Amino acid sequence: MADRIIRHSDLMKLVDEVARKRRIIGPVARSVPECEPPVRYFYEDVERADQLDLSFRYCVYSPKRFLTPPSETLFAFDQDDGGFVAAPQYDRRPTALVGVHPCDIHAIRLYDRVFDLEHRDEHYFARRGATMIIGMDCPGPCTDGVFCKDMGANVAEAGFDAMLYPLGTDTDGDEMRYAVMFGTKAGREWLLYSRQSAAPNADDERAFEKYQADKEAAFSFALRTRREDLAELLGRSYDSLLWDATARRCYSCGSCNLSCPTCYCFDITDETDLASGSGRRWREWDGCHLPEFALVAGDHNFRPKAASRLRHRIYRKAVWIQERSGVVGCVGCARCDRACTAKINSVEIYNQLAEEA
Amino acid sequence: MTTVDSSEREARADLYVPMSAQVVDVQQMTDLEVLLRAAFDGGRPLDHCPGQFVQVSVLGVGECPISVCSSPTRPDYFELCVRRVGEVTAHIHRLEKGSVIGIRGPLGRGFDVAELHGKDILIVAGGLGIAPARSLIQYVLDERQQFGAFHLLYGVRSPAELLYRDDLTLWRESPDVNFHVTVDRPDEQWRGRSGVVTTLFRELPQLDPTETMVAIIGPPLMFKFAVLEVLARRIPQNSIYCSLERRMKCGVGICGHCQVNNVYACLDGPVFKYGQLKALREALE
Amino acid sequence: MKNVTISVKHITRVEGHGNISVRVEDGEITELQLAIVESPRFFESFLRGRHYSEAPHIACRICGICSVGHTTASVNAMEAALAIEPSEQTVKLRKLIMFGEEMQSHVLHVLFLAVPDFLGVGSVLPLARTHPDVVKIALRLKRLSNDICGAVGGRHIHPIACHVGGLTHVPRDEELIDLKRRCEAARSDIAVVAETYAQFKIPGLERDTEYVCLKASDNGEYAFCSGDIVSTKDPKPTNVADYRKRIIEEVVRHSAAKHARSPHSPSYAVGALARFNNNYDQLHLAAKEVAEGLGLRPVNCNPFHNNTAQVIELVHCLESAIELIDELLTRGLAVEPLRQPTRFGQGAGAADVPRGTLIHDYSVDAKGYISEANLIIPTNQNLANIEADMRAYVPKLLESGLSREEMTLQLEMLVRAYDPCISCATHFLDVKWE
Amino acid sequence: MMKPKIAIFSLTGCEGCSLAILELEDQLLDILQVVEIVNFREGMTERGWDIDIGFVDGAISTPEDKREVEELRKHSRVLVAIGACACLGGINTLKNHQPASEYRAYVYGDKAEWFPTMDAQPISAVVKVDYELPGCPMVKEEFLRFVKCMLTERPFRATANAVCVECKKKGVLCLYEKGIICLGPVTRGGCDAICPAYGSKCEGCRGVVSDEALAAAGVNLREQYDVPLDRVLADMRFHGAYQEKSLP
């Protein structure tokens, strides 16, 4: 059962309303004449709803940079001979992420867990707490190569404030209508009392049911192994020759890590001003595929070879993160696969391992 | 009562902001190792467990994980033994009495002292491994009546690398510990034993496999050989402790650097049981 | 003074390595040279065999200071060779980046390299203490002009987005709005520069000189990005394709850079003063006002006034940039695909870069690889003229009874006034360690 | 602390790297507070020879360059190569792939003998270099970071990561998606991926990131892409990053 029904133009009005209080981040079309189709979508800051393009299929990168940015100051410090003062820095700008697909919502749910597993990372939660998430469901696979259904991430039941389901265009016009589900009180308050949205009638309910059924049919499995069996599969594959065979192509460029919505490893660095003793400590995205990720003083590298790093990433995504956090560690968005200029493909890896086994 | 303004409160609550501590004593132990004694302002104890570590900050340079090498039974201060190997450790070596450092922690999982109570204890330390071992050694000695027999084996490559020389004299003379030390490559002055640390196992009496707990702390190769000696004496895998070093940044199980297969050295360790490590293919490679 | 020898190894505050040597015996100049001692760089040679698309990115590496200028001349030439008609948006953005280029180069030259002479110090560094406001203005103006280049090309030194056939990037509206605001704010900075400059005593040296530059045929703009070759001695425009009719290059022994002459004069000058002298009518009104204030009128034949012309062009570029940004904001920008060659052949193209008319000439083979390249560099074109000026100046200096040091400084200033870019002119090194 | 004495020199190159220092407009005055510039021909008349840190841009391409850099080494406690030319030989090395007689005659005709030249080389081929700040031009932010490290007596480390890392951090659309063979995966980062960010492929101006990456490129370009290897090889030679005749 849908909670509300809303038309596109009304949704845009409501987003503009939100924009008065929050920064809006959502899919923006960028023209790329060399590509087919000649457009790619990116999550970007916008000022008005009409800058968004909610008809987007997928965004090249996930919205993770708005929750844990590529680089962020942890704290600023001042020091003199007598000691130091450190002031942690938090970004609490009210924000709304609009148009987040189920896979990325799952990834954010993972972050919500891992940044608060044994220790709570206030820098993440400062942003997260100030962020409203308006999801956008996918009626079908957004692009080739995704395996979100395998990872159970093509549907999101929670992790959003409100979720939009594009039911299709009106019978009388050409305007998109969305069914809406509330995920939180904030989402409910945003929509419920606005005159722009309506309670669903019987037709709407039927349309929503049909939407769900069509969606179910539109997604297929890409892996030969069920997600539940990946742990077992990988358990048997630690010594497979596939790691070396595949990794001879690996540049160790880290594109897979950095474009992955569930990767959250980081490095920490200090920086001081030229003249004074003040400065800052900041963190930035890191990745387990990068050559020096496990390097320590004395030049010992605990994962010196691309093959060991590739294996580590795959195990982490498929098994280890979930073991620890209880939330699936890969959402099947295939961004890693698309980002890899060596065309190393995780679906292929899983399937080849399954074949070997 | 002092009032704490909001930014200070935030700083205290923040995972990444170090607390300031004062260096109250500095002792250059060898060319490479310095022993710092530090204390928090107002005498607050570190409240650690033997085997735990802290993240030491030199602001503007960086942070690095260092084991606490003194025992929590001596709560007025805590000690750090730091080998100069790189950027942060080089700056730690420049600290003087009165310098202020940043401390986060205690972090990680140390030795389960409750489990050790009432048991015979064997500690095998190689090289810099004596640093984390020392907090346990001191603990056992300070709480001597809680433990059964106490054996301590320590090996280094050359006499010049011996750490805690004052302690060594103390331990050698103490009736509380059966202490043996060896060097791989003796020099002219060296009067003690020579050979790798595993040769010291000959000095041990028969160990009771059900009543003995073992801690082996040192470089991976030494660990491998020592563990064989211990297993040969039928000590169960879960009675053997060791400590892992990995690259660490956050120290609290988020940044990913110290992961060893599916465990985090900073959170699930650095002290592990051998039984647990055995399953970790990356741990002993 | 009857016998004087002046030898300056590595003239400072010019781009690249150049030496001056003058010998006067019995009041007669027996030797006078501006030797260009940079390493020869062979760009023309190694452009051959490279893909046509690389030409601007290779050519810009001739010189860090005028890399935008080389890029522009290079794309012009290559598009002529490949019969590519750039889009209107491309043309406008290229104009904008060239305004940035002219401004940054002139700021650098007038305020960092030349002004210390007028204030009697060795570099801009001591000025940071004595004239901090001037230095701050200089830095601000330089930053602004670099940022104009950056917004279009990605960076000022070796711009990235400028390619044969168009640009791979367009500035965002917010960037343009911000630049415009800063340009407007810079008006007062430039006014200070002009006022400061007005106080300097410009040495007097008038010598009948031919001034060569581009002149826009089409829309009558003050020419930087395109145009025909004209001169004060021969105002009839010559198409750039026929540049060899107007510019005759030859190799001389004391210079890794070639020298040039025209059909009308054994030497000629290019650069800001040349453009001022030929294109005065097209100057922005605001720039004309400043010219009046500084007392400069075409045709002026004092080479030291090249600096004055640069100050005037600074105003012109700033005002024109503001107008152009408005235009761009109104029409809106979007990334366009690079336009593709419609043939492979030979073509020449030019730009009037800060130091003068720069011509690139390429031939491209049927597979798209460069088979011939010829580059005519402004500094090369000026070298013979600088020597001629020195020849005229030395007797005057001797008459005025200056010390050897003062005479040396005057000659260095003369060379610097041309703002020679010796890297561009090509190289060969002569190092003596005193 | 004493102000370190800094000198900036140019050999065969475009002097863009020296200029890049002047383009640190916002920090220039601060830098001048903490260092003393004793020799910088492009910007000043004074010349001093007691040098703590000597920066050199440009490649070695004449016997004179070689002599000069040897002198510089003697006078500088720390010698730093700045820019692709000094670190890799740079664009100048393009001529190395042609016979000398040919490239000389093409520019100077029968007068070629007047102008001595030799194959272009990075300065590390002639003298010991303490640090390298590659790039065409040098990345001025990296220069600033380097100066800070020197002032605070910290070792300077260049990133071991490929350009792709910074490209992804910036959220740039990978050029491979446009069918362009970008050199990012084999090139040392530190440039903030400025070329991909402005829509152009990485030209490799910071040098090859590692032998492993290079080996992977060899495999991928042969097995995964349908591209003429000569073209890629030519690209990799653009800044002298890779001089071999074929890919590994």
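Letters A, B, C and D name the chains as they come in the text, with residue numbers starting at 1 for each one.
To be clear about the criterion, a contact is a pair of C-beta atoms (placed from the backbone, for glycine too) under 8 Å apart; a residue touches a chain by one contact, two chains touch by 3 or more.
Since this is a predicted model, take the numbers as computed values, not measurements.
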Pair exhibiting more inter-chain C-beta contacts, A-D or A-C: A-D
Euclidean distance of C-alpha centroids - chain A vs chain D, Å: 37
Centre-of-Cα separation between chain C and chain A, whole angstrom: 50
Between chain C and chain B, distance of the C-alpha-averaged centres to the nearest whole Å: 67
Whole-Å separation of chain centres (CA-atom averages), chain B against chain D: 45
Set of chain C residues in contact with two or more other chains: 335
Touching two or more other chains - residues of chain B: 60-61
For chain A, residues that touch 2 or more chains besides their own: 32, 34, 271-272
Chain-level touch network, classified as line, ring, star, complete or other: other
Interchain contacts, given as pairs of chains that touch: A-B, A-C, A-D, B-D, C-D
Contact set on chain B toward chain A in their complex: 7, 10-11, 13-18, 20, 59-63, 85-86, 89, 100, 102, 245-247, 249-250, 252-257, 259-262, 267, 281-282
Parts of chain A lying in touch with chain C, wherever the complex brings them together: 31-34
Touching residues on chain A, where the partner in the complex is chain B: 74-75, 77, 79, 82-84, 86-88, 90, 114-115, 117-123, 238, 264-272, 277, 279, 281, 283, 286, 288, 293-298, 302-303, 308, 312, 315-316, 319-320, 323-324
Chain B-touching residues of chain D, taken from the complex the two chains share: 152, 154-155
Complex contacts: residues of chain C adjacent to chain A: 334-337
